[in-house]
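Listed next: structures, encoded as structure tokens.
Both complexes below contain chain A, partnered by chain B and then by chain C.
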Partner chain A sequence: MMKIRLSRGMIDVLSGAASIGCFLLLWLALTRHTGLGELIPGPDVVLAALFKGLFGKVGRHGILVHAGYSLARVLAGFAIGGAAGVVIGLSMGWSRFAEAVFQPLYRVVRPIPPIAWIPISIIWFGLGESAKVFLIFLASFANVTLNAWSGARDADRQLIGAARMLGANQRQIFLTIVLPSAVPQIFAGLQVAMSNSWATVLAAEMVRSSEGLGWMIVTGMSNNDIVQILSGIVAIGVVGFVLSVAMRKAEALLCRWNHGGR
Partner chain B sequence: MRDDNRRNQYFLVSLASVITVLLVWYACIDVLELKSQIVFPGPVKIFRTFILKLHTRSPDGATLLSHLGASLKVTMLGYLLGAAAGIPLGIAMAWNRLVDRLAKPLFDLLRPIPGIAWIPLFILLFGIGTFSKALVIFLSSFVACTVNSFTGIRQTKDVHLWVGNVFGATRNQLLFRIAVPTAIPMVFTGLRVALGASWAALVAAELLASNVGLGYMIQQSRAISRTDIIIVGMLAIGMVGAILDKILHAVEARVAKGMNVR
Partner chain C sequence: MSLEPRRPVEHVIECENIGKSFPAPGGGRREVVRGITLRARENEFLALFGPGQCGKTTLINLIAGLDSVTSGRVLVNGETVREPGPERGVVFQSTAIFPWLTTMGNVEYGPRMAGMGRAERRRKAQRYIDLVGLRGFENAFPVQLSGGMKQRVGIARVYCNEPRVMLMDEPFGALDAQTRYLMQEELRRVWEAEKRTVVFVTNNIEEAIYLADRIVVLSNCPATIKREYAIDLPRPRNYVSPEFLGLRKEITSIMDSTL
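Let's turn to the complex of A and B:
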């Protein structure tokens, strides 16, 4: 049994390596030997630029510092937006009154993509960090609210009834039934929120900023430097991947009780 | 009777909440003048601008509706092509081991990069016309459609496939009669996620480089500090996004009749 699984895993790894390898070779061959080379640099050039950017500088900072700027903006907005989303979403799911108050306002704001707030955030908050944090706040707030809301609303009515019959008060019902049953949904919302926030911070940095990975690719555009754009895109992909893996790991760790119980 | 009463109450609270927000907004801006109309226009001014923008071209060269038409055209082009490519690829990757081994690694490489990050590259390579915008939207829609179709097919129960086998179904019949119908709800989830992503990507592309469209309109209005037009544009973006989502819901209700019931 073990042997079969191992070899299947090996085949997956090998075929993955083969397919990515073929892609890179094709890219290399096309840029070396055809007219495409005049438009796009080969993978070797991009990787070299990436390594040079990691240890040297792109603009005023190294790539790691740019990534750090973007990440700091995401984490600040994500923390505020996530917290606000959980509180408002849970209160909407828990109390009909809160739902009636917030629901129409939420319905107006939610369909506006956070990216569409970029121009007005610049007018309201200027060009500094607060405009970007505000955008990330919006990006994470909308998703988390929606999931916390539906998570709390879909709590098992029978469990609540049983608890009430056994004399639980409102606070106990909320803390021991509604909140735990909403947690998995909240985590799903946080994951979507994280990937949205990552896209939004790039857009915000592309429109206006003086550092960050979004800045890196957009200055590559204005300086006609495709190598810088492509190495920036690779860095963006790596950070995006790390963020989504980190969110999944956090969920697996914090919601272990949920996976075991079913 | 009691249910009706409750629903009315709910509606009244919602209505009161909207009216309160509008009144507070009006009082703060138009009566108390806490912020100047240039930074934070009042509701009356926004409504007037909306009516005006329906038939005047100044200051950004087109009426609201022609901006909207331009944006919609590009979005639909990229979105539909992305769905047409992404859904079959997702199904093929989930159904066929060879496709899975070859295409999945490449797809996983592409996936963590937000569609928006490609904007500078495409603008540099293909200019600021329809093509590069449609390509960005294509990628955003493609990724979401592929992921969800893949998950949908993988959800097919083995037992159902065994039953098909017992009754002598061919491989094609297993796919089109059992696996694809199982996947339809997930495919629609993908289409909805893709629609939201496409609409956001369009706004980002138009903010960065364009000469028509809603994103262009709000970006231009920022340069000349016409906050009222920005807000009208944002509300239009949100409203159209919500309407598109509603349309997709209606299509889903038609196509996937009863399939969402578990």
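Let's turn to the complex of A and C:
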């Protein structure tokens, strides 16, 4: 059993590496042998710049520090937005009153994309960290709220009946039935929120900041430094990939009961 | 109602002329239970035997307090039933065990809600897990269990909560014949070891004769009581004894006469 699982994981890793390798080779061949080479540098140049940036500096910091800035902003806003979304969404799904209070507000705010708030956030919070954290809060809040709300509202009536027949009171029903049955949906919401947050931090940094991966890309643009732009993009892809893997691992751990014990 | 007369309880369950109707999809109402009067003594094993969709689950829900009567009333231990409570345990037709809890978590749920300490309730739950033959599966989640094992979790969960009354809604309906026989035998053993008042819904006549002290035969929808049979054969009963077969033939024939 263990052996099969390991080798399946290996196959996934190998085929992933192979497809990325093929893509890099194609990119290399096209830049070497076609006109594409005049538009963008080859992968060898970008990867070399990336490595140099890891140990040296791009602007005032190394690439790792830039990624760290972006990541810290995302995690702060995501933690606040996720927590607020879970609390408000669950209370909307559990109590008619909370639903009546929050629903109209939620319906109006939700369709506004987070980047539309950038000017207001700068006016309200200035150019510092709080403006960016506020934007990421907005980017993560809506999806988590929606999913926690529907997860709590759709809790199985029969399971609630079973809990009551076993003697659970209202508070216990909320904690032992409504909350766990909403967890898978909450996690789906957190996953979307995480990728929204990641997109939003880059946009916010591109508008106004002096560090971060978004800053790397815009300064690359204003200096006409396409290598810096591309190495920023690759770094963004890598961090985004790591974040989504981490979210999936956390979900697999918390929703073990939902996955046939895998 | 505080004016309700307090009298010595002769019957643990009393359904007094109860009726239930639901709003029908095309407007109007659909009557599902009509004028049922039913009593069960302490520790009596009562089987409700009726055709499919006749209103058996509805009747169980009314006694459990999961649904409310439209006429008549249900008394358990002499008190009118208004909502579900821990003295009336239900084994659901669809199991309704908690998917995010392990076997242990499901079985210890009732005592945990009642505030029993961890060590004590674990010990208690373990006893019922052993009783239904699930030792070794304490830490398995429901997705990892077969249909029959889930039903056993549902049974152990209710036993562990020590209800005065157990309402079992076709607990073995989803099982294959082989497992069904095993479970019937197990239930008989468990019930004889720890007597309870049981209302056991089934659409399998052999199961009813094998287990019950008394069989109440229900009509097609709306459910009414057609006939009652007291079964006073000694336990464990023999499925092929002449008395068993005679009863089976008699009850089957009155079912057929209405179809």
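By definition in this document, the second predicted complex is superposed on the first by the 232 of 262 C-alpha atoms of A that agree within 3 Å, B and C clash if a C-alpha of one lies under 4 Å from a C-alpha of the other, contacts with A are read in each partner's own complex, and residues count from 1 in each chain.
Throughout what follows, contacts are C-beta pairs under 8 Å (C-beta built on N, C-alpha and C of every residue); 3 or more make two chains touch, one makes a residue touch a chain.
Given the structure is predicted, the values throughout are model-derived calculations rather than measurements.
Contacts of A:F97 after superposition: chain B is touched, whereas chain C is not reached. Of the two partner chains, neither chain B nor chain C is touched by A:A250. Taking chain B and chain C in turn and counting the residues of chain A each one touches, the greater count comes from B.
In the superposed model, A:P111 lies in contact with chain B only, and not with chain C. In the superposition on chain A, A:I236 makes contact with chain B only, not with chain C. Applying the stated contact rule after C-alpha superposition, one finds that A:R164 touches chain C and leaves chain B untouched. Looking at the shared chain after the overlay, A:S195 reaches chain B, while chain C stays out of its contact range. In the superposition on chain A, contact of A:S15 is made with chain B only, not with chain C.
Interface of chain A with chain B (complex): residues 11-12, 15-17, 19-20, 23, 39-40, 96-97, 99-105, 107-120, 122-124, 195, 198-199, 202-203, 206-207, 214, 217-218, 220-221, 224, 226, 229-230, 232-233, 236-238, 240-241, 244. Residues of chain B that touch chain A in their complex: 6, 9-11, 13-15, 17-18, 21, 39-40, 101-106, 109-110, 112-121, 123-125, 196, 199-200, 203-204, 207-208, 215, 218-219, 221-222, 225, 227, 230-231, 233-235, 237-239, 241-242, 245. Contacts from chain C toward chain A in the complex involve residues 64-66, 83-86, 88-90, 92, 94, 96-101, 109-110, 113-114, 140-144, 157-158, 161.
Residues 156, 158-159, 161-169, 172, 176-177, 180-181, 183, 256-261 of chain A are the ones touching chain C in the complex.
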